[in-house]
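Two complexes are shown next, each including chain A; its partner changes from chain B in the first to chain C in the second.
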Partner chain A sequence: MTGSGKNRHEIPAAWSWTQASSWGFTGLAGVALGSMVLLFLWQSLPLWQHAGFGFFTGERWFYRQREFGILSMLYGTVVVSLIALLLAAPVGIGAALFTAEILPTRWRTPVKIVIELLAGIPSVIYGLLGILFLREWVYRALEPFDPLSGDTLITAGLLLAIMVLPTVMTLADDALKSVPAAQRRAARGLGLTRAETTFTVSLPQAWRGMIAALLLALGRALGEGIAVFFVIGRQDNQWPAHLLSLRPLTEAGQTLTSKLVGAEINLAYGDPLHWAAMVGLGLMLMMLVGGITWLGARWMRRKEHHAQGA
Partner chain B sequence: MRRALDRAFTFGATTFAALAVGVIVLIVSALVWRGASAISWEFFTEQMQLVGAAGGIFYNILGTLILLLTALLFSLPLATGIALVQSVYLRNPRTRERLWLGLSVLNGIPSILFGLFGLIVFVKFLGWGKSWLTGGLLLGIMMLPTVAVALIERIQAMPRKYVEAAKGLGLREPQIIWSVILPQCSGGLVTGALLGLARAAGETAPIMFTATIFAGATLPQGIKESPVLTLPYHIFVLAQDSFDPAVSAKVWGAALVLLGLVMSLSLAALPARLRMHEEAHHG
Partner chain C sequence: MRILACVSTNFTEKRTFVLAVVCLLVQGLASAATLKINGSTTVNLPVAEAAEILRAERSMVIQVDTQGGSAGGIAALGDGLVQIGMSSKHLDETARTKYPNVDFQETRIGEDAVAMVVSKDVWDGGVRALSKDQVRGIYEGRITNWQSLGGPDRRIVFFNKEPGRGTWEVFAHWAYGDSKKAPPVSLLEVGGNEEARNKVASTRGALSQLSASWADGQTVFALALKNGEGQPIAPTAENIASHRYPMSRPLFLLTNGPPADEAKVFINFILGERGQGLVRKHGYLSLDQLKAW
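Moving on, here comes the complex of A and B:
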């Protein structure tokens, strides 16, 4: 993605219907985005009155007992996204190194497009594959640890890793390609090998873009609900007794998103407090993902300014 | 030593790329392998029977197409307006930067939150119940950044001399936009729309509470309480609790159809993307 544009077309603009409706449409989109945040805040008000800060520190979510704490779901979200990122980062960046540094330029776009097709596969299909294949494989692989089923946080992490892989790959490839080819040629001309060129010329300039790529991928992993719901979301998890123990990874659980796509939202619809709690979950998710995406997008833009200034 | 390192680097990067390509081959072949047996002419033309164990997915395909068409009609004018504001009307670079960030954030918002938003606004406040129009509008908002960004990139890649020449001819601003910029950049609009639709076609989370049901809907007759059947929700429901082999075959068939729809939409965008890529490098 290129940025807000050095090549702006200067046109003398007087009042016109075209201009007025353009501004109007832009305003409409802005209002939609803004009203989303305000609506979520407003609809979750009963929750903040009821639970207050306990919403963030509570380990238990029992709506019948009117207890709403999101800590265990936050744990699920963080763990699942981290597993996804740890797996997708090396593969995605490695594949990007291949397309940007090794592959001849005319092959780059076709290969990239094939990998981007992965990004287009609907999450419900990933979920289906997760249920019918991945769950089974993970169950067998984890057998020594005696899991209850193949519905584990690890399964969800693996599935998400596959889902965010194209994002990591294609954005990392863009970052590498934004390093001018002339610099690469110069380095190769000096007798550096391809690997040395990559590590001394390309990577030092592209690392900002790589971080942006990982942040945007993290945003995607945090927000994915349907596929995660399929492989773990049918059972609540608990806040682990030992935070660093790996045992909970082999158990099922909830993430912020899997809770929201589950059936509980229908139950909550008629009960103001329960409803407020669900909307509160949504608000949390929005802040988390919105913040990370904003950071990633800004970082990517900063990188561009950097490249332009240099 | 240097040679060995270089070879190790090449080998490693190639392996990872092969792994990534291997995953997509694996996924597509798994779907074809499991789903192909369900595909027949009747699968496309009959309605679902016996809770998904028999019949076809006619109304599911129809419903998905209705949602996509609504989303397209809604997002095209909005995306065009946003793209014009960003690349023509906005003069302050700061504000342009903010609009750009806004689009990025909108693009990153988890799809379930659009579902929640639709549930509050359309189902709860407006009392529409489940309606195809809600689904179309939500999917339209979701694809907005994709369409707008594709058009913006195209406008910015357009040679300056076109606009200069139009100005020299004395064309006024609406004329320049309608007869120079938009026709020149319509490829961006088409590419963006196709990619946006490809994403929207597979979305489950925004429509599951607002626009679609599992069984018992045909063509919508009005706006209120007129849900449609859709492909993604069909798969979503059947995948969860079907150990019946008859159902299972149908689910894979539906998944294969959905995958085919999504991929043909993204592949349709391919020629324009390749052309733009070439122009960017040689133009």
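Moving on, here comes the complex of A and C:
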């Protein structure tokens, strides 16, 4: 910021273009986001009149019977994302420790590029691979638990874990790399082994960045649609009898995204209430993903402040 | 031609860039003449192949997509996103009321049957036919094991076609008289025919509604349906054409108003001898077969 208004008058040319356009475009993005939320709210109005708060607490979704409750889908979304995160976190952070702390620097970039390429593969490809291979493997592996089919929450979670792995890995690697190399050299100079350096110098300073990485990965997992759609079974109303039971994991389910990707949106169009319910799902998803991503970005920024302060 | 014109203009770099952008825009506008088709995966098979031929022989620009099945095709046509919608069900009043300004025209290109298909273990276990009551029982969750239907001791896994799919509409119409009367159920869902066949083939005890032409008799098997007298009627060409087999359905190409321009060329091709050959090739009944029986 330039501070006083007097300064601005002195250098109007420099101010006008760069700053005006960046303010302009930021404003545009803000307006776009704001009007999107408003549009969603407006389009979902019939839903709030019809279902009210029951939209969040209802376990049953039968659009022909005018029952719109998203709890079962919320359960599916949360469980699938958590499975993905639990599986991707150790592998991703482990891989980041390897690239940041052990791999020689000239190898780090190529390895990172390859892993980041994984993030660029369209999700429909992951979904097809999921149908071709993952469903079969999970179906066979779960045999002792007698699953109905290979479409389970576990299958979806596994697929998502693979998909968010690059995000976790590359952001965790960045976090580790932001720890100054001089500190590592100092630690090694004091006689610490490489492992000790990693665990007492690098990790303690990078953990905030790691959490940010996990939150951003969670944001991606929550918002992923197509790939999950193919392997989750899209079975509605799978609210578990016991919330902490693991049994529902071997059964099919539905997430917010798999519902939105499905054919129901075509039926909903033209039926104001049903359409409003689908828009409500979208709004819910937007808030969920937006919230988590915002949280992740905030952690990331705070990490930088700490680094600067240190 | 257009690209050549762009490249050959000899201006300063900046101007060339601007011109290139303009040319791209013009090309973008020109490609509005692309014939876009969307809808049912069942109708897609002969249509995609016809598109392939017309692209090669008459260098037409055609895009064929199968987003959302028949309902997706109707919606895309209603929204003006495509010139031809593919549908494997009759247009109902809801579609017409949803899009009051669209003059839906149905052009019938053939006939298909919906079969109840099962996985190999069920077929080998001895289940060859189902009655309407039995199918309803499975759909509503009252019958859950193949054993009570003369098959192996295995849970029944019903992969229900997504509502809105032509296949599902035909099924619901047969089982309950009207798709609106179908009871609310929460079953595993499948979308396109590829997905349904793949999942039935790879799951033990699986059952699904699927276009009869997709039942290959190797990995997925079409059951016969028992009529009122308990006689099993298999989805054979003869039974479909004579309407003895109850779950058959017309295949349509939909247009807004009578087919015009590229859409007309395309539809005429499908209705012609070669197009009808493609319809037969993919296991459906062509229009002359329907008349013959």
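The rule we apply is simple: the second predicted complex is superposed on the first by the 280 of 310 C-alpha atoms of A that agree within 3 Å, B and C clash if a C-alpha of one lies under 4 Å from a C-alpha of the other, contacts with A are read in each partner's own complex, and residues count from 1 in each chain.
Throughout what follows, contacts are C-beta pairs under 8 Å (C-beta built on N, C-alpha and C of every residue); 3 or more make two chains touch, one makes a residue touch a chain.
The structure presented is a predicted model; accordingly, all values stated were derived computationally and were not measured.
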Check: Of chain B and chain C, which one touches more residues of chain A?
Finding: B
Notebook entry, point to check: After superposition on the shared chain, which partner residues are touched by A:Ile162: those of chain B (first), chain C (second), both, or neither?
Noted result: first
Next item on the list: Kindly classify A:Ala276 by the partners it touches after superposition: chain B alone (first), chain C alone (second), both, or neither?
Entry: neither
Next item on the list: May I ask you to decide whether A:Tyr139 touches chain B, chain C, both, or neither, giving the answer as first, second, both or neither?
Entry: second
Notebook entry, point to check: In the superposed arrangement, which partner chain does A:Gly120 touch: chain B (first), chain C (second), both, or neither?
Noted result: first
Margin query: Quick check on the superposed pair: does A:Trp294 touch chain B, chain C, both, or neither? Answer first, second, both or neither.
Written below: first
Notebook entry, point to check: Now for A:Phe230: first (chain B), second (chain C), both, or neither, which partner does it touch?
Noted result: both
Item checked: Which of chain B and chain C A:Met210 touches, first, second, both or neither -> neither
Check: If you stack the two complexes on chain A, which partner ends up touching A:Ile131: first (chain B), second (chain C), both, or neither?
Finding: both
Next item on the list: Report, in rising order, the residues of chain A that make contact with chain B in one complex and with chain C in the other.
Entry: 131, 230, 265-266
Notebook entry, point to check: Given the complex with chain A, which residues does chain B contribute to the contact?
Noted result: 2-3, 5-6, 8-10, 12-17, 19-21, 23-24, 27, 30-31, 34, 77-78, 80-82, 84-89, 93, 96-97, 99-102, 104-113, 115-117, 119-121, 141, 144, 149, 152-153, 155-158, 160, 163, 167, 172-174, 176-178, 181, 195, 198-199, 201-205, 208-209, 232, 235-236, 239-240, 251-252, 255, 258-259, 262-263, 266-267, 270, 273-274, 277
Checklist line | Partner chain C, residues of chain A touching it in the complex | finding: 62, 64-65, 131, 135-136, 139, 146, 148-151, 230, 233-238, 252, 262-267, 269-270
Next item on the list: Enumerate the contact residues on chain C facing chain A in the complex.
Entry: 68-69, 71-72, 74-75, 94, 97-99, 155, 157, 159, 162-165, 180, 184, 186-191, 195, 198-199, 202-203, 206
Notebook entry, point to check: How about chain A: which of its residues touch chain B in the complex?
Noted result: 1-14, 16-19, 21-26, 28-30, 32-33, 36, 39-40, 43, 90-95, 97-99, 101-103, 109, 111, 113-118, 120-125, 127-129, 131-133, 162, 165-166, 169, 193-196, 198, 216, 219-220, 222-226, 230, 257, 260-261, 265-266, 278-279, 282, 285-286, 289-290, 292-294, 296-298, 301
